[in-house]
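Next up: the structures, one after another.
Look for chain A in each of the two complexes below; its partner is chain B in the first and chain C in the second.
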Partner chain A sequence: MPLADARGSELERLRIIGEANVLQKLWEILNLDFPLRNSLYASLLIGAVVPLVGVHLVLGRRVIMAIALPQGATLGVALTLLAGAMCGVNLSDQAHETMFFGVALLGALLLMALCLLWEAIQHARFAIARDAESAGIYAIAAAGVMALAASRAVPELGMLNVLSGEILAVSDQNLIWLAAGMITVTVVLLWLRHALIALLFDPALMYTSHAPAKVLSFVNNLLVCTTIALGGMSAGPLCIFGFLILPSLVLLPFARSMAVLYAGASLVGLLCAFGGFYLSYLQEDWNVPVSAAQLLLLGCAVLISRLCATAYGLLRDNAQARAQTNGNNGGAAEQTA
Partner chain B sequence: MDEKAVSWQGVSFAYGAVPVLRDVTLEAGRKDFLCLIGPNGGGKTTLLRLALGQLRPNQGTVRVFDQPPEAARQEIGYVPQHFQYDPQFPVRVLDVVLMGRLGTEQWWHPFHRKPDIAAAFEALNEVRLQDLAHRPFSRLSGGQRQRVLIARSLAAQPRLLLLDEPTASVDAAAESMIYELLQGLNERICVVMVTHDLVFVSKFMQTAAYVDREVERYAVKDLTDRMLRRSAAQG
Partner chain C sequence: MKATTLLLPLILALTMLPPNAGASEKSGKKLMVIASIPDFADMAREIGGAHVTVESMANGTEDVHAVAVRPSLAAKLARADVLIEMGLENEHAWLPALVEVCSNQKIRSGRQGDIIASEGVVPKDVPTNVGRSQGEQHPAGNPHVNLGPDMGRLMAQNIAKGLTANAPEYKADFEANLAKYLEKLDVKEKEWREAAAKLKGVKFVSHHPDMAYFADFLGLEEVGTVEPKPGIPPSSSHTAALIEEMKTQGVKVIVREPQYSEKLANEIASKTGAKVVKLTVMVGGVPEAKTWIDMIDYNIQAMLEAIKG
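What follows is the complex of A and B.
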């Protein structure tokens, strides 16, 4: 018995230590002096803004393109590094950090523009299904990224970290650029939301109306590409794909207006970004990449959403049936009276 | 001289090497109700798309209120033949109708202005759906959705309404309600409608344009059995 008591008290002591550790780690993250605070802020920006443009990809039925574009952006970054190395400039050098950010952003945008242009031309000229074309782009871009990331031609700049979605080092300068870009995207998207939503809902209407449909289509693509390029450089293609699609999937069964869908997707993305970062930091021994933890949380959110939607549907059906029954009963009672 | 709402003068059009319309001359006045009937592939929808400025004729001219169609887009309301939408798209009826206002002015405005909302409610009132303004679009019946699309085209306060088979996928009750609505609208605007519903045409129209690459305008009583059979068979 004394041995059992001792074991019990040891377990209790470990539990208390564990709880203290959980709270301590949370406090560390929330502290303004947290060493990885820039990574956390970058995560939160990505979590809040990427789902906003993801809503447009999901409602526009461009989900396959949502996975192809981040790969295209990463290939653009890798090609930028390669081009820099061929010109004798090591962009991975700390001294070229700002230059790298600008040039890599440009490279990512160019590659994504090429992907969209290719898809549009193939669809228009040969009537090839957009999804098939997007999937082809994804496969080619992914192969290109793998080849360049593994080769010695590209200077090491955490490419493998980017691919695995490990957000570790975000400099102050890069964080400012990321924040400026994400805030600009959010403002433009919300400012033009009525026209962009109409374009998604009924493209034919826009092309027969007085509104500049082609300009709006270009703006929509630019917002998507800029967000993917900015986010992809910090968090990697898989993470961006997840944040583009999963928050919308969580909200779609419940959203009754676009405002709810935008706000809800952004909030879910923000919470999962923070939660994933915290879990990854908490379980240091497991060495789970931040993005993987965030996406797993988003996956859990989708599952909970589906369960709630099912329960909500059942409840709603029950409520309707009950109301109908009460109505019938009321009618019968009136007749009797 | 009476200004024409829409006119096609000597229009020929081909999709690549496939001729669709040949030397078509047709017009509709400001208060006309013009029904386009004819077999599938005869060029009815193409005539509407030419009037919308979506297509340009290979020969001839298309004028809308004496202007090129591109310049007169604000004067045109359009209800498409096939409207595919995602049932999960979270828009309310009012949101859909307000989309019709984007073509008028200030499409970049971040908030709907009072005149836009007033025009949208007026259009909903006209199709007798004002009570459903805040209902999700996906919760409506097929006939109600079609009326919302008509309201959307009316929200821009057009003087010419183009409809491509507006009753193709609705039940008989909704169909008669839509026809009644269109006849009411025709008291103040020109209506051009593609239809396969010859019952409506023979009951309410004096004339109809039979479109089969070429166009002839007939008094309804003069439409031959063969024409009617070809039109109705594909409806």
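What follows is the complex of A and C.
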């Protein structure tokens, strides 16, 4: 056989093996016996629900708060671990799993409530820009987490792994809590969506129209904080920040209604969560962590969305210009006639 | 007269003192020994006795390859007469930088004050293919010599030799202390060998490839590690493959070191029916491991408990 033919058949063989591998890996992760199915389901839950909450943060122009809150939640979990260690309890071991989840969730919610309260007070008293306050909160929370991680205050370094999120280590119990929390958030968000949207776009009107604006504002913050705390404890603060912001950015140039924005952001988040998990599983040699693969896919989605939006804008402008030229020519022709 | 004027001569006098003046005045002619890990600090105390003041840079719960570099560590090194390190590039990520900035010529690499505890060991797992793609490799071989129960003798002898070279006036005391320590080790090693018979052939998985010398002594069989490559965090595909491999090979023990995730180890254990056992990689990693002998005792006992079922 000539050399070129032999090389061609070898390449063809490798291509077939590659395709089989791609399909086999897909089948493996879709199989109910997949050993990391909890991680996959947790990723999908985060991908579908976190962007719904993120829509409110993006439209409310509170993007910096979207990065400050997960960091605040992480500090809350870190302080919980520290408090446990000071009391002689290793909260990260299996025997204390239920207790740790509950206490860490409370710690995260408390810290986020403090962050929101601080931001609101500073904004009201000193009229400081909310973004500046949020950025300050992020810096302080991040420094607190770093200091705690580097110090020897927590007896076991391994306990701090929970701070960066361990999506590969989602237990059955964790998954149940995550699912319960995320489903509750989705139901409440969809149930109160009209009031929450009104609060988002015209808070002044809400306050003057005797609507329970303060209650709604509290519920909105609670939804955001619960989602971030639950997601952050499984996937880590950076991953949650990405899922809060990027899916909304993908949809913003195209969405013409809130329903489209909600559904689209959730769908994009879900697809990228699955795609990222699959890519991470498929590309073993690259060793890309699940969260990084998911965020990279979301980044690609934003890029494609921007390119499409630009192309659509150019086409629309061209069409308008052509219509205008045709209109002008028609007018001139009529005048000439 | 202003307070600053009064304090100025004192400050000048203090700054003109040689770096070790304060230490030697306080502790007589004691050797100031800084150990990279608490294991060597323990051995230096045993051998140096009353002639040494010993401090450890890492504590038992830290990652020995990634100890946080703090200014206080550089200050400790600046005062040191002797530095004891593992060698085999065990501390390569943090110690050379600290030795560089502390400006203490006595403990620079290759000088008399720099004691390599693993000198003379036949290293395990020497890589044949070195590259970034292979993870955080140690080109000279697996550096976790301190976990080998039969390595105590060699490390103690190296430390005694180094201390003697730095303080020859205490040679007789160092030799006597070493002899006593080796006697203790002989007794313990016999016990450990008896325990090894029960552990022979037990298959296990650890998070990091740090159990090579420990496993070799006890006849354990390491099936894999949670890390795909040394220092590389576990990926989804590797974790899934490891779970399958553990099921196929019937691995019943997962070794978890205190610096690595407990949650992931527990999750893998729940999928495979294996038991998670915490082994410490340094003295002080668990409250029971107060000395090097205690640490080996604890690790072997923990393994024996794990296979009881």
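The rule is short, and it goes like this: the second predicted complex is superposed on the first by the 295 of 337 C-alpha atoms of A that agree within 3 Å, B and C clash if a C-alpha of one lies under 4 Å from a C-alpha of the other, contacts with A are read in each partner's own complex, and residues count from 1 in each chain.
Here is the rule we use: a residue touches a chain if its C-beta (ideal position, glycine included) is under 8 Å from a C-beta of that chain, and two chains touch if they have at least 3 such contacts.
Bear in mind that the values here come from a model prediction, so they are computed numbers and not experimental data.
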Worksheet item: In the superposed arrangement, which partner chain does A:Gln122 touch: chain B (first), chain C (second), both, or neither?
Response: neither
Practice prompt. With the two complexes superposed on chain A, say which partner A:Pro289 touches: chain B (first), chain C (second), both, or neither.
Written response: second
Worksheet item: Between chain B (first) and chain C (second), which, if any, makes contact with A:Thr184: first, second, both or neither?
Response: neither
Practice prompt. Please work out whether A:Ala198 is in contact with chain B alone, chain C alone, both, or neither, and reply first, second, both or neither.
Written response: first
Worksheet item: Which of the two partners, first being chain B and second being chain C, lies in contact with A:Glu28: first, second, both, or neither?
Response: second
Discussion item. Contacts for A:Ser171 in the overlay, against chain B (first) and chain C (second): which applies, first, second, both or neither?
Written reply: second
Worksheet item: Hey, what residues of chain A end up touching chain B and chain C alike?
Response: none
Discussion item. Considering only the defined contacts, which chain B positions touch chain A in the complex?
Written reply: 52-54, 73-74, 76, 78, 80, 83, 85-86, 88-92, 95-96, 98-100, 102-105, 107-110, 112, 136, 152, 156
Worksheet, complete the sentence: The chain A residues in contact with chain C across the complex are 25, 28, 34-36, 38-39, 92-94, 150, 152, 155-159, 161-162, 166, 168-172, 277, 280-284, 287-290
Practice prompt. Under the touch definition given earlier, write down the residues of chain C that touch chain A in their complex.
Written response: 59, 61-63, 68, 70, 228-229, 232-240, 243-244, 256-264, 266-267, 270-271
Worksheet entry | Residues of chain A that touch chain B when the two form their complex | 59, 61, 190-195, 197-198, 200-202, 204-212, 252-253, 255-258, 260-261
